[in-house]
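What follows is subunit A paired twice: with subunit B in the first complex and subunit C in the second.
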Partner chain A sequence: MYVGKSVTRTDAYDKVTGRTRYTDDLCDRGAYTARVLHASIAHGRVVSIDISEAEKIPGVVRIFTCFDVKEKHYFPTAGHPWSTDPEHQDVADRLVLTEEVRFYGDDIAAVVAEDEVSAAQALRAIKTEYEEYSFVLDVQEAVKEGAPQIHKDYPGNILKHTTIRKGNYEEAVKEPGLVRVEGWYETPAVQHCHIENFICYAQMEGERITVTASTQIPHIVRRVVGQALGIDWGRVRVIKPYIGGGFGNKQDVLYEPLCAWLSMKLGGHLVKLNVSREETFVCNRVRHAIRSHIISWVRPDGTYAARKLEAYSDQGAYASHGHSIAAKGAGAFPQLYPCENIEVDAYTVFTNKPVGGAMRGYGIPQAMWAAECHTDEVAARMGMDPVAFRRKNLMPKGYKDPFSKNELYYDSFNQCLDKAMEAIGYERKYKEYQNQTGMIRKGIGVSVFWYNTAVWPISLETSSCRMVLNQDGSVQVQLGETEIGQGADTAFAQMTADALGVLLKDVHVVSCQDTDVTPFGTGAYASRQTYTAGCAIRQTASLLKERILTYARDLTRMPVYNLDIKEGNIVRITDGRILMTLGELSSEALYSMTNSQHLTAESTAQIKSNAYSFGCTIAEVEVDIPMCRVKLLDIVNAHDAGTLINPALAEAQVHGGMSMGIGFGLSERLLFDEKTGRTLNGSLLDYKLSTFMDHPRLKAVFVENPEPTGAFGTKALGEPPVCSVAPAIRNAVYQATGAAVNEAPLNPHNLFLKFSEEGLLPD
Partner chain B sequence: MSRQYKLVSCTINGKQAEKMVDVRASLTDMLRDDFRLTSVKKGCEVGECGACNVIIDGECFNSCIYLAIWADGKEILTLEGLAGPDGELSDIQQAFIDETAVQCGFCTPGFIMSAAALLNAGREFTDDEIRRQMSGHLCRCTGYENIFRAVKKTMLRRLGKEKEAEEV
Partner chain C sequence: MYDIKALYEAESIEHAVQLLTEHPGAQIIAGGSDVLVQIREGRRAGAELVSIYGLDEMRGVSLDEEGAVRIGSLTSFSHITRDPIIQKYIRVLGEAVDMVGGPQIRNIGTIGGNTCNGVTSADSASTLFAWDAVIELTGPEGVRRLPIHEFYIKAGVVDLRPGELQTAVIIPRKSFAGYQGHYIKYAMREAMDIAAMGCSVNVKLTPDKSRVEEARIAYGVAGPVPMRAHSAEQAAKGRAVSEETCRIFAQAVLEDIRPRDSWRASRALREHIAVVLAERAFKEAVRRCGGETDEQTV
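Entry: the complex of A and B
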C-alpha cells in the first residue's frame, strides 16, 4: 500500500536537474512577442490612441487598440465550472481590450513585435488621449449616493449582497445581562506572488486555435477563450504544462483570450504573451480586501446569545470570482461558533482598483481574521482564557450543516488544539506572558479555522479519469485535475497504485493536461483535487480491474470472483498463488490473434458531498514596542485533513500556507495612490513578501481522522494552512501588549498607529 | 537604433562556448535562448527573486542583471551542469528531493545554485548565516523550511557531522 507513505514526488528528479519544462521553455523561438498597453488613469474612456510613431519602430509587427475590437464578445474570467442556468453564470464584463477604463492598469492596446525590446519601445511610443471620470478606491465611499458608477448595471457599485438569517437577532439581544462586544476588522489586498509570472502562447492549426498557458484550469480556459472569441468551444485547444505556482491567480482566465485573439488577427501566427512581475501585481488578480464589522452579545457564562456580521468585500474593477469570496467567508461565520440568533450581510463592491479574484483560502483567511481577532476580544471582556472560551463555543462533534449536509464526525477542533498546544508549550508560555510590562514583551496567540473541501453544493463537482494499460502491465493515468506544485500527481499515483493493485513505479500519471485528450475536469481550486480525483480514481480503477480480471478469466480458467490484482500480478485469492503477471496478461491482450483488446477504462465521478477541514495556528511573538516591530519566535499549525495520502508532501504544503499567512499577518499589502489610483508598490522589492530571514522554523502537526465521505479518507489541505495564521500572530501581540490591532498586516506602520492610540509608546 | 553584437567566449557547464550576442542581452537571455539552458528561470528580471541564479567563477549571481557580454572569459555553471555525466545527482540535489524541498520547482534551480555556492565554502554556517545567504531567493510554495533543512543537512554531512544532520 502506498497511501499514507511519504513517497518521493513523481517530478522531483526533473525539478532538481532543470529538466522540467514550463510554458516559456516550450515556446518556439519564432514566436512574436505581445505586450499590453495599460491605462494610466483610474476611470474614464479612451478617446483616441495614436500608434503612428510606435508603428515605425523596427521589429513591430502590428499594434491593436481597443478600437480594433469590433465584435464585442463579453466574457467572464472566474475559474468556476460553467452553469447551464443563466442565474448561476459568472458575470461577463471583460473584453480582450477595453475602451472603458475602470482601473489604473486596464488593458487598452497590445503591441505585437518580433522581440521584447521592440515591443517595449513601441509601448512607450503610443500616445493615448482619455476622457477622465472621477474614481473611487474605498468600498464604503463606493456605496454612497453620488459615488462614481463603475458598471452601469450595478447601481451603488454593489455587485451582490447576500444575507444569512437564523433565529431572531433583534429579539435575542434584549435578553438581560448580555455583554456587547463590537469591532471592525480589516485585511488588505495582497498578491499571490507565484514565482512564475503568468505566460501563454497561441497559434492556429487549421481552423482551430491552440493556447498553451500557465494555468490551474485548462478546461475552463478552453470554454472562456471560446466565449471571448465568439467561436465554438471545440475549436479551442488548451495545453497546460508544468506551472510555477498559481495560488488562485491562475484559477482565473488572465490573458489567454487576448493572446488567442492576437494570433487569430495575425493569420494564426505563434504569439507569446509573457506578463512582467510588475503587471502581475496590478493586472492579474489580488486577494479581496475585506472590511468586517462584528457585534456579539455574550451571556455571563461565556456563551453567545446573538451575533451579527457585516462584511464589505473590495472587488476592484471587474467581477472575476465576484461575490463568491465574500459569500464563502461570511458563510463560515455562523458555523464556526454556532449560535441560535445570527444576522449576516455580505456585500461585494466595485472600486477603481486591481481586480479581486481567487487566492488561497478564498475568503476564509479574511473571515478568520475578523472572527478570530474578535474571539480574543470577547474572551478578554468575559475574563476567560482564549482557549477555554473557544472550546466552549466551537462547532461541536456531531454538528451538521443543513445546506451542505456536511458533518463534523470527530472532536477535531479539540484534538487539533491539544496537539498544537503541546507542540509549542502553550500552557506554560501563556501563563508566563500574562501581565508583562516593559518595552520588549512576549505573547502567544491562538486562532482556529474551518474550510470546506470542494464546492458542492454551491457548484458542480465532477472529476473524470482515464486509465490505459500498457504492454508491460504499467498504467497511464489522465485527469483534468492539475499539478500546480502541490504534489497532486504524486498523490494520484499513490491512490491509483492502491486502487488497482499495481506497483507505484508502474503508474505513470500524465502531468500535462491537453483539452484535446485529457478527460474533463475543472482543475486546481477549492482544495478539491485529492478528494474529488480520489473518487474518480477509485471508480475508474475498479472498472479497469473488472476488465482485466474478465480477460484473466479466459487465460486462467478461473472465475473472476476468485481473482485479484496484487502488486502487479493476477493472484488467485483462494490460495494466494500468482497465476501470471499483469504484464503477461496485457501483452497477451494486445497482441492476441484471437481476442485482441486494449484494456482501458474511463469514467466520471460526480461528487455530491463535501467535507469540513479543520485546524488551528498557535504563534509566539516578541514585540519591540518603541520600534513597533513584531518578531515571530515560534509557530505551529495543526490540521485535521483526514487521512494523509503523503505525509511529507502534506507537511510541505502546510509550511507554504503558513509562510503565506505570516506575510498576510506581518508584512504584505498593496498600496494605492489616493490621487491617481495607481498601485504604489507593485514589485517584489517594494511589496514585502516574506523571505528566508522572516521565518522561524515552521512546525506542522496532524490529526488524522479518516473522512467517511471520501474515497481515501482525505479532505482539504491545499488552502487550509493559510487560514488561521495571521489572527494567531495578532492574538499573540494582543496578549503581549493589550493592543487589539484589527487592521492587517501588523507592520510598523499599523502598529505605530495602534500603539500611539493605546498610549504604549514612550514620550 | 541599430543593434550591436559582440562575441562572447566562455565556459558553460565545463564546455567551451562562443556566441555573438546582442550587447544589451542579459546572461539569462543568452543561456536560455542561445544555449537552451532553461533551468535559468525568469521570475522578475530585475534581480529581486533569484530564480535565474547561476554560478560565475565560483560565485552566485542573478543572471538577469548580469550582461551576457560580461561573461566573456568566465566559467559559468547552471543547474544543468550540476549533476554528473550519467545523471547522478549531487548531494544538494538529492537533499532537495529527500527533504521535500521541491514543490512547483520554479525557484528550485536558483536555490540549488546558491546552496551549491554556499556549500563549496566548506565551512559551517550558523542558522542565521544560512538564512541570510539564501535570502536573495523568493519562494511562495515551501515557506523555506524544507529548503533550510536540505541546505543545513548537506552542509553538516560534508563536514562529517552525520549525527547533527539527522537532528536538523
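Entry: the complex of A and C
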C-alpha cells in the first residue's frame, strides 16, 4: 500500500534537474510578444490613444487599443464552476481591453511585436488621453452617498451584501452581567508571489484556437475564452503544462482571453503574453483586504451570549471571485465559536484598486485574523487563559452545520491544540513570558482556524478520471484536477496504485491537462484536489478493475469473484496464487486475434459532501520594542487533515502555508497612492515578501482522524496552513507587550504607531 | 532581453577612459546589478554601455605605501567581506556589505558600483562616510582623489566627470588606526532588502578605555545622500564611556539628520529609529574597542 507513505514526488527529479518544461519553455521561438498598456489613472474613460509613433518602431507588428474591441463580449473571470442558473453565474464585467478605466493599471491597449524590446519601446511611445473621474480607494468611503460609482449596475458600489441571523442578538445583549468586547480588525491586500509569473500563448489551427497557459483551471479557462471571444467553447483548446505556483491567482482567468483575441486578430499567428512581476502585483489578482468589526457579549463564566460581525471586503475594480471570499469568511464566524445569538453582515465593495480574487485560504486568513485577534482580547478581558477560553467555546465534537451538513466527527480542535502545545512547550513559555517589563520581550500566542474542504453545496463538486491500461500492465491516469506544485500528481499516483492494486512505478499520471483529451474537471482550488480526485480515482479504478478481472476470467477460467489484482498481478483470492501478471493480461487483451480489447475506464464522481479541516498555529516571538521589530523564534502548525496520503508532502505543504502566513503577519501589504490610486510597492523589492531569513525552523504536526466522507480518509490541507499563522504571531506580540495590533502586518510601520500610542517607546 | 544600444568592453583603465570619451553618453557597467535593473525598468533603456567588468587591475584589497586600505572599485561585496585586510582593519565594512541584497548580488555587485550609483541607501556608503573614505577617480586628465562626502553631489548624482571612472576606494590609515566600528542596517526583512535606514558608527577610546577620544557616525537614508551626524560626534568627544554618553550621542543625531517622509517609512519612524540605531551602534563600537557601558542594552 502506498497511501500514508512518503514516496518521492513523481516530478522531483525533473524539477531539480531543470528538465521540467513550463509554458515559456514550450512556446515556439517564432512567437510574437504581446505587452499590455495599462491605464495611468484610477478612474475615467479613455478619450484617445495615439499609436502613430509607436507603430513606427521597428519590430512592432500591430497595436490594438480598446477602440478596436468592436464586439463587446463581457466575460467573468472567476475560476468557479459555471452555473447553468443565471442567478448564480459570476459577474461578467470584463472586456479584453477597456475604454472605461476602473483602476490604475487597467488594460487599455496591447502591443504585439517581434520581440520584447520593441514591445517595451512601443508601450513607452503610446500617448493616451483620458477623461478623469473622481475615484475611491477605501471600502467604507465607497459605500457612502456621493462616492464615485464604479459599475453602473451596482449602486453604492456594493457588489453584494449577505447576512446571517441566528437567535435574537438585540434581545440577547440585554442579559444582565454581560461584558462587551468590541474591536476593528484589518488585513491588507497582499499578492500571491508565485515564482512563475502568469504567462500564456495562443495560436489558431483551422477555426480553433489553442491557448497554453500557466493556470490552475484549464477547463474553466476554455469556457471563459469562449465567452470572451464569443465563440463556441468547443473551438477552444486549453493546455496546462507544469506551473510554477498559483496560490489562487491562477484560479482566475487572467490574460488568456486577450492573448487568444490578439492571435485571432493576427490570423491565428502564435502570440505569447508573458506578464512581468510588476504587472503581477497590479494587474492580476490580490487577496481581498477585509476590515472587520466584531462585538462580543460575554457571560462572566466565559461563554458567549451574543456576537456580531460586520465585514467589508475590498473587491477592487472588477468582480472576479467577488463576494465568495467575504461570504466564506463570514460563514466561519458563527461556526468556529458557536453561539445562540449571531448577527453577521458581509459586504463586498468595489473600489478603484487592483482586483481581489482567490488566494490561498479564500477569505479565511482574513476572517481568522479578525476572529482570533478578538478571541485573545476577550480572553484577556475575562481574565482567562487564551487556550482555556478557546477550549471552552470552540466548535465541539459532534457539531453539525445545517447548511453544509458538515459534521465534526472528532475532537479535532483539542487534539490539535494539545499536539501543538506540546511541540512548542507552550505551557512553560506562556508562564515564563507573563508580565515582562524590559524593552526586549518574548511572547507566545495561539490561533485556531476553521476551514472547509471543497465548495459543495455552494457550487458544483465534480471530478472525472480516465485510466488506460498499457501493454505492460502499467496505467495512465488523467484527471481534470491539476498539479500546481502541491504534489497532486504524486498523491493521485499513490491513490491509483492502491485502488487498482498495481505498483506505484506502474502508475503514470498524465500531468498536463489538455481540454481536448483530459476528462472534465474544474481544477485546483478550495483545497479539493486530493479529496475530490480521490473519489473519482477510487470509482474509476474500481470500474477498470472490474473490466480487467472480467477479461482475466476468460484467460484463467476462474470466476471474477475469486480474482483480485495485487501488486500488478492477477491473483486468485482463494489461495493467493499469482495466475498471471497484469502485463501478460494486458498484452493478450491488446493483441488477441480473437478478443482484442483496449482496457480503459472513465467515470465522473459527483461529490455531495465536504469536510471540516481544522487546526491551529502557535508562535513564539521576541519583540524589540525600540526597534519596532518582531522576530519569530519558533512556530508550529497542527492540522487534522484526515489521513495523510503522503506525510512528507503534507509537511512541505504546511511549511509553504506557514511561510505565506508569516509574510501576511509580519511584512506583506500592498500600498496605494492616495493621490493617484497607483500601486506604490508593486515589486519584490518594495513588497516585503518574507524570506528564509525571516523564518525560524517551521514545525508541522498532524492529527490523523480519517474523514468518513472521503475516498481515502483525507481532507483539505492546501490552504489551511496559512489560515492561523498571522493571528498567532499577533497574539504572541500581544502577550509580550500588551499592545493589541489589530491591523496586519506587524511591520515596523504599524508597530511604531501602536507602540507610540501605548506609550511603550522610550522618550 | 535588454534594450541595449551597444556594449563596449574595456581592456584597460586607459581604454575605458578612451571609450568613455569616445561615447560621451555611455553608461559604465560593472556587475550590472543596478544598471541592468534600470534598463529593464526603462530608465536607461537604449543605453550605450562601457563594460569595465573585465579589468582585474581594479579588483582586490591592499595596503598602500602609506598604510591606507585600498579597495579596487570592482571588488565584489563577498570578496570584501572575506578579505583578510578588511577583516583586520575595517571589519565593519565587511559586515556592512555582507548585508547587501542576497548572496548572488553580493557576488556580482561591486563597491564602486554601489557608490557610483549615488543612492543614500547603499550599505557600503554610510560606513565609508564614517571612515572618511577617499574616492579615486581616473579620467582623461589623470587621477584625482576626493573625500567621499564631496563625491556625493545629490540623490543619484556623484562627481564623475566626462570620461572618468572610479578606480578605487581608499580608507586612510588615520581613519581606522585605533578605531572599531559597528553598522546596523534597518530594513523591513532580514534579507533581500534595501535599508530603510543604515547607521555606521566608529569609535576610538582613550588608552585606558574610559573616555571617547573620537566618535564618527554616518547614516544612509537620513537624507538624500549618505551623511555624517557631526553634532553627535562633537557631543561624544571626550566624554566618559557611559550609558549617559550613549544617550547624549544618540539624541544629538536629531540635530543633523533630515529623513524623508515617504510611504517607505514615515519621518517620525525614521527619526525614532535613527536614535535607537545610533545608541546601539555606538555601544557596540565601544564594546569592540574594549570599553564598557554600564547598564544593559536598551
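Convention: the second predicted complex is superposed on the first by the 763 of 763 C-alpha atoms of A that agree within 3 Å, B and C clash if a C-alpha of one lies under 4 Å from a C-alpha of the other, contacts with A are read in each partner's own complex, and residues count from 1 in each chain.
Everything that follows uses one rule, which is that a contact is a pair of C-beta atoms (placed from the backbone, for glycine too) under 8 Å apart; a residue touches a chain by one contact, two chains touch by 3 or more.
These numbers were taken from a predicted model, which means no experiment stands behind them.
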Touched partner set for A:Phe247, first subunit B, second subunit C, both or neither: first
Which partner, subunit B or subunit C, touches more subunit A residues: B
Touched partner set for A:Arg277, first subunit B, second subunit C, both or neither: first
Subunit B versus subunit C as contact partner of A:Leu685, first or second or both or neither: both
Touching partner for A:Ile484 - first (subunit B), second (subunit C), both, neither: first
Subunit B versus subunit C as contact partner of A:Phe752, first or second or both or neither: second
First (subunit B), second (subunit C), both or neither touched by A:Thr17: first
First, second, both or neither for A:Met693, with subunit B first and subunit C second: both
Partner chain in contact with A:Asn595 - subunit B first, subunit C second, else both or neither: neither
First, second, both or neither for A:Val117, with subunit B first and subunit C second: both
Intersection of the subunit A residues that touch subunit B with those that touch subunit C: 117, 684-685, 689-693
Subunit B-touching residues of subunit A, taken from the complex the two chains share: 6, 8-9, 11-18, 20-22, 24-25, 29, 117, 192-197, 242-245, 247, 276-277, 484-487, 648-649, 651-653, 655-660, 662, 683-685, 689-693, 695, 697-698
Residues of subunit A that touch subunit C when the two form their complex: 115-117, 120-121, 124, 439-440, 626-628, 667, 671, 673, 680-681, 684-686, 688-694, 747-749, 752, 756, 761-762
Of all residues in subunit C, those that touch subunit A in their complex: 1-3, 42, 45-46, 186, 188-194, 196, 263-266, 268-269, 272-273, 276, 297-298
Footprint of subunit A on subunit B - complex, ascending: 24, 33, 37-39, 41-46, 48-49, 51, 78-80, 82-83, 87, 89, 93-94, 96-97, 100-109, 112, 131-132, 134-135, 137-148
